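You will see two complexes here that share subunit A, one where it goes with subunit B and one where it goes with subunit C.
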Partner chain A sequence: MRHPWRTSIAALALLALPFLGSGARAGLPEALSETVLPGHAAFTAATAALNEAARADCRPETLRPSWNAAFDAWMGISHLRLGPAETDGRALAIAFWPDPKGSGARTQARLLEAADPALLEPERFAEVSVAARGLFALERLLYDPALASEPACALTRATAADLARMAVELETDWRESFAPLMLSAGAPGNDRFLTEAEARQALFTQLMTGLEFTADQRLGRPLGTFDRPRPERAEARLSGRSQRNVELSLAALERLALALAPDSPRTREGFERARSQAAALDDPRFEGAADPSRRLRIEILQQRLHALRDQLAAEVGGALGVSVGFNAADGD
Partner chain B sequence: MATRRHVLAGLIASAMSRPSWADAGSPAFLSAARLPSGAFALFGLTEAGATVFTIPLPARGHAAAAHPTRAEAVAFARRPGTYALVIACASGTLRARLTPPEGRQFNGHGAYSADGAVLYTSEVVAESSAGIVGLWDTAGWHRLGEFSSGGVGPHELRRLPGSEVLVVANGGIQTDPQDRSQLNLETMRSNLSYLSPDGALLEQAELPEELRQNSIRHLALAGDGTVAFAMQWEGDPAEPVPLLGLHRRGEALRLCPPREEDLFAMRGYAGSIARSGGLIALTSPRGGVVQLFTAEGAPVAGHARPDACGVAPVAGGFVVTDGGGAVTRLTREGFAPLARAAAAWDNHLVRI
Partner chain C sequence: MKSRLLALAATAPCALLPLPALAVERAEVVETYADIAEATYGDSLATARDLQMAVKALVAQPSEQTLAAARTAWIAARVPYQQSEAFRFGNPIVDDWEGKVNAWPLDEGLIDYVDPTHGGATEENDLATLNVIATPTFTLSGTEVDATEITPALISGTLHEADGIEANVASGYHAIEFLLWGQDLNGTEAGAGNRPFTDYASGGACTGGNCDRRGAYLLAATDLLVSDLEYMVAQWSEGGAAREAVSADPAAGLQAMLTGMGSLSYGEQAGERMKLGLMLNDPEEEHDCFSDNTHNSHYYDGLGIRNVYLGRYERVDGSRVEGPSLSDLVAEADTGLDEVLRGQLDTTLERLDALRTAAAEGMAYDQMLAPGNKRGEELIMGAVDALVTQTASIERATTALGLAKIEFEGSDSLDDPNAVFQ
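After this line comes the complex of A and B, so read on.
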């Protein structure tokens, strides 16, 4: 599908320049230049390095460090699920989790069984289900005994190359198209962001949704219920990154929040406490979700994130003059 | 309070004459909104999104029903609703205020009979959420009676085109009568019920067991009686489920998933639905997106618009309203701005 914002980009990029630094856009240019764009550049670099490494040597044990570096970089931007991240389902294809039915692993097993090099050509592979691509597909190839023992080198390389390609496209779209579009919010011809408030609200919404995702999915899925804890549902548990992803996501959300609204002491303090609580869990795969004595600490962190969400709404939302949408907040 | 005095003054001023829609400045749409003051109002809007009239509402509104011929509309309170206001749209005055009987609550939607003589209201028994259709005489505005909606927690209710048969989206969710908290998500079961004007259950369609937690809530009807329905998923947000379905009496339900890359774009929540020409539009304020499908339910496109919810047909496409106050035109290609009001448009844009 063609996205309408791609067509008028050149004109809008020119329009955007005089607005940079304007007080009326408080926070938005800073958030883009200090967190969003550098975060995407770092992800491009990390996935390029992973791709290079895979081409040189595709054995799981040698690829794991560069895969982890790429995942670390993704955690810096994984909460940005708008515009270029939605094009062609990129964010889903980069990190398809949760996958409760295991559809990614099934598709990968079929690809391995087919052993058809044509399916792994870049154009064909880009059409493979989003569930069977990206970081979690590579995690299974590098850590899952069921897949890592297979002669899976070709699939590993195809997946790493596809990931690096998506990272470049994502970064390019942000830098050349979508960031200028946000900065020209309200300008004639900008039908994506009709007012400056809409652009500010768009990033604010990513912040709030990102925090909810970490609280309700990254922590909530392994927690399950007290009577039925589900540690096996933790994110990236094969590689033992579950707790690390929570810590990195909180750090990324903190950077975005403070770039949008630097004068936010309660937000700053709230993130600091949440991050130190997360670091103190010492539970890489959230196995403690099923251990009554350790479970409580995960629950307390989740409650802190819910409280932090309210603080963000008041302090950052207040500074930006925006809130979660009237209809989005309270549907029927 | 000012709002209430307004409403009462309007009631007293209510005229004997019954002007037609042309006298109301020919509004094309009705929408409830929240004003910057925090008060609530019903707006009449032109096709270009210009405000024709504004009428204060005593509390947050939801949807409205337009009389088939008279310049009259009934604005429904948001669930659990304690009021429905019959409004003479030409003069912006109140014709009547409907209050549900003891132990009943309005659920935000309603529909007129083909001749406009009867108003059907979507209601629940407050204590149990058992679905009720209330019947009101539109000449004297007294209650004629009620019958079962065929399910729990009915939401939108429509009359099939060229027929007196009602179709009700029984959302299946039992809610607390005070705070709207959901009480039966583990056992809920939504359905689409077809009812005769005297309450006989003519036909009922249910979703397959694995989609039991999909709540059928809003409806858009085609001239041939095909019902397009919009759903809200109450199950695991990690499960990608279709939020659009199609049904025609005597046939099986058809579910219409989006393209794979858009599986989670709506965040499991469709707020409103409309059809125009060969297209169906499904809005998601939570996803900040409107998805377009063909009349047969094949995905066409998705376009971003923050907090978009209200949607109604115009020639060649749709008009969409959002919580930021924008009124926009949507076609297959995307959005174009029409107008903006200092109002947060509420869930529904109702075509008159």
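After this line comes the complex of A and C, so read on.
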């Protein structure tokens, strides 16, 4: 299912050129050229390397480093949930988490049981439930003793190939279509972004929603409540990346915020403090959520991120002249 | 009358001039909104009382007919309630309460027997197979629970969201739906839940076990739904807190209206309820999964969004509640945008209606979710795209009315970043 914005792209890409460097859109071109586009290029490269590695040798222990590199690259762009990331449900298929009903593991178990090579052909596999694809599907194959066995090799390869394909499509759409569309905001024929403010607001909304996701999901899910902590719900717990993902997401959000509004001393300081607090947790899987003394440090980091959110709304939002728009995380 | 008002407004050369005296008043628009909310919840309550009567008849005299009548009453009750969902986001009084009546999806094994291959304990929920109907006493989070008598208080106070897990839905429309239809074991094939009426029969005719407790649960859950809706009607009546909250500051009221429209359109309906289910190919990921009534639920959600914009609600008895509308206000600010948004709201309803047509012709919503069902995918994504498109215009309407809330420095947490930790 393609979005209408794909159709008039070529013309708009040309229109966009004369606008480059215009002060009125301060921040937007920088955010795209310094963070969004390089972030996607890095993700394409990392998933291509993972795919190559899987083809050469699909044993979990040899694949883990390239899988981790791909996940690191994803953390640089995971907060961008608009346009190309929504097409075909790509962001969901690349990183389906949380999965409270365990849909991913169930579907993967069925695929392994079926042992049908036809289901693993690229075209068929692209139709498989988003819960059973992408980085978290690979995490189970590489780290879950229940799945990381020899017969899983074919599924590992199919999943890695599918991930690399999505990364290429995602990057291509951003580079050739969506970034030019944002840069030509307000130009005749651009009915997605009628004004430059709309394009700025779109990226600002991703920034704010990304920060909320890290605070409320990546930290909030394992925290649960004081009486009922849920460390088993931490993101990427199998591979022990829970804390690392928080640190990398904060770094990526900081880059975006400062590209959008470079003159933001409070934002800069707020991110620095949050990152050093996150690094000091020394709790890769957030097991400390269930330990009253260590739990407090995770809670303090969460409060720090909520305060940072207010700072961003004022400083970055103020500089851009926009507020948070509707986003995919609305609803429950 | 209305067209003359709009014509006058259109002649005002620019926004710097005072608005003509006859211009649409923001306070009146918000009043229409509160009136529609009161009527929509009022209809939800009236149809829930009909459901309550039908459920009493079913439990008193279980038969094919009384079960069918209760199911029909449930489907009718969904018509006004789904339209009320446009009031949910943007009004904290509604959003904080909503989980009692419309929580979804649920681990239904908490309530009653389930097929061992459909549902059961999950990694995250130990209570997914509790089956309280078969279990008069049990331990919950270390505490002994006496459920020998199934009451509304037991359901709302102890069972609902037990163990802090949202999937432990013990009350509301979907719990009742499960008790009337049972699990839909057909996957993405044709057919809804098929609970026999004998699940409520007495003595030797009882199927599924514990028929008396099942009947008690159904009655208590329906009583609870009625009292929860009574509460919400009161919130929107004259002097009610929800009405006061939007009336006290009409600008905040307008913001609540647009927030409700946009959040339901995009994050909730297009994303969580429609696209996600399609991407998971999971027949459980349909809003009314036991009754296969999802096509109607989606349609009335869309209609509720349009009601808010047009300031017009057609009641269950066919009468109308209407008044000065958000559409009138937006047209004053930007005629073109109002036209576009009205057109988009209509398009969304057409696309949602196409789901109803397909369901009437034999392709239920869960069948549309089947992997490889291209027609189903087109139907669902057609509606999703329309909802996403209208969201952009709703956002523009917020800007056109000068309601975009740009936050500026000056709050405690900003001036002293450590204030929040004290």
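Quick note on the criterion: the second predicted complex is superposed on the first by the 323 of 332 C-alpha atoms of A that agree within 3 Å, B and C clash if a C-alpha of one lies under 4 Å from a C-alpha of the other, contacts with A are read in each partner's own complex, and residues count from 1 in each chain.
The rule is short, and it goes like this: a residue touches a chain if its C-beta (ideal position, glycine included) is under 8 Å from a C-beta of that chain, and two chains touch if they have at least 3 such contacts.
Computed from a predicted model, the values in this text were never measured in an experiment.
> When the two structures are laid over each other on subunit A, do subunit B and subunit C clash or fit?
clash
> Contacts for A:Phe326 in the overlay, against subunit B (first) and subunit C (second): which applies, first, second, both or neither?
In the superposed model, A:Phe326 contacts both subunit B and subunit C.
> Is A:Leu82 touching anything from subunit B or subunit C once the two structures are fitted on A? First, second, both or neither.
The first partner, subunit B, only.
> Answer with first, second, both or neither: which of subunit B and subunit C does A:Val130 touch in the superposed model?
The answer is both, since A:Val130 touches subunit B and subunit C.
> On the A-aligned overlay, A:Ser33 touches which partner chain: subunit B = first, subunit C = second, or both, or neither?
Neither partner.
> Who does A:Gly318 touch here: subunit B (first), subunit C (second), both, or neither?
After superposition on chain A, A:Gly318 lies in contact with subunit C alone.
> Using the touch criterion from the header, give the chain among subunit B and subunit C with more contacted residues in subunit A.
Counting residues of subunit A touched by each partner, the higher count goes to C.
> For A:Thr172, select first, second, both or neither according to whether it touches subunit B, subunit C, the two together, or no partner.
After superposing on A, A:Thr172 lies clear of both subunit B and subunit C.
> After the overlay on chain A, which stretch of subunit C ends up in the same space as subunit B: 61-69, 133-141, 205-213 or 349-357?
Among 61-69, 133-141, 205-213 or 349-357, only one stretch of subunit C overlaps subunit B, namely 349-357.
> So subunit A touches subunit B in one structure and subunit C in the other; where do those two contact lists coincide?
Touching subunit B and subunit C on subunit A: residues 1, 89, 92-93, 100-101, 129-130, 192, 194, 197-198, 201, 325-328, 331-332.
> Considering only the defined contacts, which subunit B positions touch subunit A in the complex?
Result: residues 34, 62, 78-79, 108, 155, 217, 232, 236-239, 259-265, 269, 271, 285-286, 288, 301-304, 306-309, 322-324, 326, 328, 333-337, 340, 344-347 of subunit B touch subunit A.
> Which of the residues in subunit A end up touching subunit B in this complex?
1, 4, 82-83, 86, 88-89, 92-93, 98-101, 129-130, 191-192, 194-195, 197-198, 201-202, 205, 217, 221, 325-328, 331-332
> Subunit A touches which residues of subunit C in the complex?
These residues of subunit C touch subunit A: 89, 122-124, 141, 163-164, 167, 262-269, 271-273, 275-276, 278-282, 284, 371-372, 377-378, 381, 385, 391-392, 394-396, 399, 404-411, 413-414, 417, 420-421.
> Under the definition above, what is the set of subunit A residues touching subunit C in their complex?
Result: residues 1, 3, 89, 92-93, 100-103, 127-131, 192, 194, 197-198, 201, 224-225, 228, 232-233, 266, 269-270, 300, 303-304, 306-307, 310-311, 313-315, 317-318, 321-323, 325-332 of subunit A touch subunit C.
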